[in-house]
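This is the structure I want to talk about, given as structure tokens.
Residue numbering begins at 1 within each chain, and the chains themselves are lettered A, B, C, D and E in the order written.
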């Protein structure tokens, strides 16, 4: 077992366990922490897969932006206690069963695949910033610009929804 | 291409307009802009198909005609906004901007040539809708609608995205052309088919097909009425166009994988939509379930791979949207008077507001598929083509169900003539009347001369 | 001229819709007279050439190979004549009445005329179907909104039942057309006449079409909408329904059903004829004890039309011709009898025949004219219905003796219920409801006289019908035996 | 860097698929299992991350950068979704003082 | 041909004028007009008749126009005038005119005077159509047309509910027969492709059809005949038909319409002769009817009812004659019967008129003093109908009895018994009405008077003919030339089954028996009602069999019980149970089922996001499982 393999297994183990803990923790704060670790381990995967740029972006976006957003909201709403009631037992069992079925079906369906690595692969550094940048601003220029609309929408929307109402009466 | 760009700029203009203090003129300007963009787009209708930006977008007859349809829908709904946002003018530009952005998403969805554009388009549309569903902030129902929509929508996006990923994994590309080459040329890998199924499921969610339809009735009911109209028209048409575009280009060769499932789901969708609508009291909810049923009908376009379905699908989308907008325009007036979206709210409208009632009746007839309205031809074209693809039992089933559906469409008509104390003394806003009039007029024109609206 | 026949009513309908209430009835009546004149003008062509055919074709939706195709031939001209002849009379019949929202009412009636004429003229399946539905819409509203039934819930229910019943039937027909379209280059009738389908397809599609027609005609057991609807509808609506609208069904049996699906017809004919025979007797038996006049007439109509429908399936010249003759006769007579009901309803306010009586004493003219109409409807020789009934029973006899005997009992039962009706309504001593019964005024007399004139013309000189229709039926017979 | 060695030559692609599928399923489980809307959002993020992981793996597998570019878009979308989702959550919280999705029962049947 | 047109259209014109303008015309004009409308045809008919008699007139058989023509299916609107129809023409127009004349006075006080004449004219018109039609369908027109007029005239006094019922009954009973007729027509049309009498006769020779079919056809036609000519089992309408004004009873229900059946069978004798089985049925039914009706007649107290049953009985005799193949004999009896029965009815009418509507013979008596002419004519006719030589009835009845005797002795016995009863009840009628003391009210007695000339003249003329009409068919033992037989010989088909003529001695014996029986019956009646001055039992005092007979064997009740009531019950049940519950319930049931499913399906939309998501996941899982793990 090479080092890489050990890394892979270790990271995968951490990822899955942390994800599971995220799901199972009663306290949302703990969930968030586990999620953070989970994201970090995924970042490790990215490194392992030679996607250096994505590694960085991932850390920034998820660990930096998204997790902060989550935690802020949690704090804002003062939900850091174990307030969450469980769903009724039947719903939880249903949830577990359904998810397990989905997982099993997905895994068994995927296991039918016969992906074999092509021989000539692995020569170019596809994850390098330079390479990605070129692609992003050439081929994917339009989606790249277009995604700004998405972000703009989200921004405007978030503001629209969260802004406190000022009483305006026009009659 | 230019449609999308210009529309994006129009959306940004809306945001800027707030700064320029153009609030009063905003809606006319936007409608004007949409019309201009429509005109520019129309010029491309008969142009050769072309691809832009490294094959991110492809304009062809399909994309142009659906873009026009989306523009028309948006223009009508934005016009309705003139009155709808009266009480909340400070946020007018935000609302309009988001609607226009949703339109951008929709246009991307009808003209994509790459999964990236497809995905981003869907997400823009969806996120806009999440926001719009929740815009009535004080109303718990609106909050709930937004939440339900958001949770389920993002979940479904995940499924869809998983599908795209698996397709990419199998084919090594996000380009539709490459994917279809992969599907045609080689013995595709198992994950390719899983990808197809997951994309299918994701899109079935977006078009609110059973068993992924649960969000639709609740969201439609909870959202502000204008937004309901938008979602059930713009959202549905764009999703179907994307659905059709993706599947007809890439996946129809793999029909055997999903064909049977799709047929069963179509039947299920029609059935559930129809039967659920029967005993509803809320106008919005009836239209929501009717939307589910109609989604079932339109899905036949996806599952009929041997027919030329662009035309029927377009026509169906057109007639369905126009009828829905027409109906909502009247309902907006009624709910503004009665503060209720129940069917009873319409009681007695026919005696006080005969014109509006007639328009509503026509709209309902059209959705129910009664000639001479466009809805009839829509159903006819769609079913006839589906029959050509051998969907004998499915069409028969659909027909039987459209008989049942008449009941709930007519429930509205009955209400119009029922006795009531409501006097409807408020004069309806001319905008509502005009929009309903335009929509119904188009329905009749399209019903009398369907050829005019069959660009294919 | 061909297009004029149905465009005129459409234009008139729009004109009436926006005209004043007082004016509307005159505009409607005038336009219906003009339409009648145009139809007669068209008919005059047939004198020179019995096999005259005139057509007008225009591409409608090119991508779907859909044409707007209008044809008049020796068969359809008669239905057109019937429609456009009855229309002014039906309008005239409403003259005495106070109608709320009169302009909307007359607009709907004229719109219905548009639809009816379209049905009889259509030569393309989809176009035909559209007109078929167009004719349904206005009558639905007429039945519902202008009903004389006091209970609002009842009328809504009844009208809707009628609507959804017939719509359900016709949607099956639509399905049939869609399927045909998937097998045929176009839905033009001549293409459909040449279509080749295997016998399973024919059997199923035949059933689809038949349901549509059977509901509209109505053939037992698809009739349960009928009596209620006739009763609830305003009488003008009942006249339209029974006089013209149900002829759409019987006309279509011959024009659309039998020739397109010969194998289907061969398969279903025995069952259908049995249904028809049951309906004939069944309707007559029920009519015997009905108290409500309109109910009685409705069931009598059920009995009569069963025979018309049966005639279409025997696949003989006599059957077709008899069917046509009886369509015309029934159309005229049933309008006549419902007009009697209308007059009675107008003057006494109700239709229970047990409470009437003695009208003959106070309104002798009304009695005499009514009696003639009633006698025509029991198919007394020299009236129009006799020709049809004779030919139809004869053609039924050609198919099966016992069927003819069973159906023939309607000859007896018809006399039983009609004479009972005459007795209870007109004869005997005046009751307190009838003592102030006014005799006919001029407009009512005109309606009766016109109807009676036609009753005798067609009864004594039915050759008029057969001469023009026979060539058409010959073609249909050939097609049906392909 | 010497790490240019393709990891997939050591760890087969199928493993990534499995891990990803498992992660995805855990995300689904979370969505179904929890009542707290925020936690559910987190679980959706887990799902999206499983997809990202898979995309990167496929990208490596195909030796093609497009997959990694797509991850950008996914991240952007995820960020936007979270922003909007949390905004919606805030509006709900303001109204009903709860983020429990089972408390949302106004719309049904 | 022109003559024929005038003949046939003249009553129609009379009808139209009277019908349309009747109210505005003075009664005298109205009555005169319609009488003339019959008188003109009478002269034309007479002309034709004399022409035929002298051999100068040829048969007319011509289509006026094509009535129904569809391909090979051709039915012309055609007329046929030959010896047979000319005889009927004479009767119809001749007796018709007399009755019109009579009615002018009889109906003088009726408010619907002109309507009455209009109906009468219309009746004559249809009767002419009936006998002049050259094919079965034209005959059928007349057939139904006279039925209609009969209906109109029976219910002439429409304010009386019972009269209307009688009218309806007549029409409906006739319709039952008509259906049989119609089916017969269908069969003929189907197998012989023609309805024209002449062509049919030819086709019968050329087209090969089974014997059973001929039986079926003739039986169907005979069913039609039983309705119109009031034979068992469809006779019950005729006694009820006496509800109409008396001239109507005389014209329609005695002299003309009811004999249409005899006309039809004589007209299609070639068919009937091919079907001996049917002939037997006709004979048996005729005999049975003759006896059956005669027994009822014996106990009736209504003067018109007695005559009505007598008519049924006499018609039965005529059919008996037809049934044994003696067509001309049947026709002979039609002719004589027309005279004396019309006379009897008119006489009865005269009596009723004088008594202001009284019809019960228990309340009459002794009228001979006040109404001598009426009495005399009534007596002559009674003698004629009783079969006393040399009055006309004797000859025709004797001829029938002779023909039957030669055919079947049992039938002869039955017929003789019927004749015996006829003689009895006729004289019972005469004695009770005209002899003894007046039993009516003082008021009636005070007003007793002989009728005016319009009434007595027709009575006299008819009585005259009733007395002498026998010369038309003097038996061969008296005269070598049987005028009627030879007159009709070009029309009627010789009977191939006719047995040898009976010998002279046998014939004398039969005459003797018949005369003895008739005189015996008259004597018995004389003893019973003149000498013993018995009166018929009062209402409700009869018991046992006599009561049953008095109640007309309760046939009406029987029909009501086995047909009418079940039908009405069926009607109610079919409507309220079958139509409303089963058929309509089925339709409504579907709707209810749909709605209740709708109610259930609605509940899957629980509103819970977790549940929705769970359903989605399950959906995804099952789809994936279905697609990839099957």
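Details
In the analysis below, a contact is a pair of C-beta atoms (placed from the backbone, for glycine too) under 8 Å apart; a residue touches a chain by one contact, two chains touch by 3 or more.
What you are looking at is a predicted structure, and each value in this text was computed from that prediction instead of being measured.
Chains that touch both subunit C and subunit E: B.
Steps from subunit C to subunit D, minimised over paths through touching chains, total 2.
Compare each chain's C-alpha centroid with the centroid of every protein C-alpha atom shown, and the nearest one belongs to C. Ranking every chain by how far its Cα centroid lies from the centroid of subunit D, the top place goes to E. Across every pairing of chains, the maximum count of C-beta contacts belongs to A-D. Separating the CA-averaged centres of subunit A and subunit E is a span of 103 Å. Subunit B and subunit D have centres, each the mean of its CA atoms, that are 27 Å apart.
The geometric centre of subunit B is 42 Å away from that of subunit C, both derived from CA atoms.
Inter-chain centre distance (subunit A to subunit C, centres taken as mean C-alpha positions): 70 Å. Counting only residues that touch two or more partner chains, subunit D has 17, 24, 27-28, 31-32, 35, 41, 61-62, 64, 66, 69, 73, 77, 80-81, 84, 87-89, 91, 101-102, 104, 106-108. Annotation for subunit A: residues 87, 94-95, 98-99, 102, 106, 109-110, 112-113, 115, 139-140, 143, 147, 150, 153-154, 157, 159-161 touch two or more other chains. Shared interface positions of subunit C, defined as residues touching 2 or more other chains, are absent. Looking at which chains touch one another, you get A-B, A-D, A-E, B-C, B-D, B-E, C-E, D-E.
Interface residues of subunit C facing subunit E in the complex, by the touch rule stated above, are 161, 165, 221, 223-225, 227, 282, 285-290, 317-318, 321, 358, 360-361, 368, 375, 380-382, 387, 390-391, 393-394, 397-398, 401, 404-405, 408-409, 411-412, 415-416, 419-420, 423, 426-429, 460-463, 466, 470. Residues 106, 109-110, 112-115, 138-143, 146-147, 149-150, 152-154, 156-157, 159-161, 165-166, 168, 170 of subunit A are the ones touching subunit B in the complex.
Of all the residues in subunit A, the ones that touch subunit D in their complex are 2, 4-5, 8, 12, 15-16, 19-20, 22-24, 28, 31-32, 35, 38-39, 42, 45-46, 48-51, 53-54, 57-58, 61-62, 65-66, 69-70, 73-74, 76-77, 79, 84-87, 92, 94-96, 98-100, 102-103, 106-107, 110-111, 113, 115, 117-118, 121-127, 131-132, 135-136, 139-140, 143-144, 147, 150-151, 153-155, 157-162.
For subunit D in complex with subunit E, the touching residues are 28, 31-32, 35, 101-102, 104-109. Those residues of subunit D that touch subunit A in the complex are listed here as 3-15, 17-19, 21-30, 32-36, 38-39, 41-43, 45-46, 49, 52-53, 56-57, 59-66, 68-69, 71-73, 75-84, 86-91, 93, 99-100, 102.
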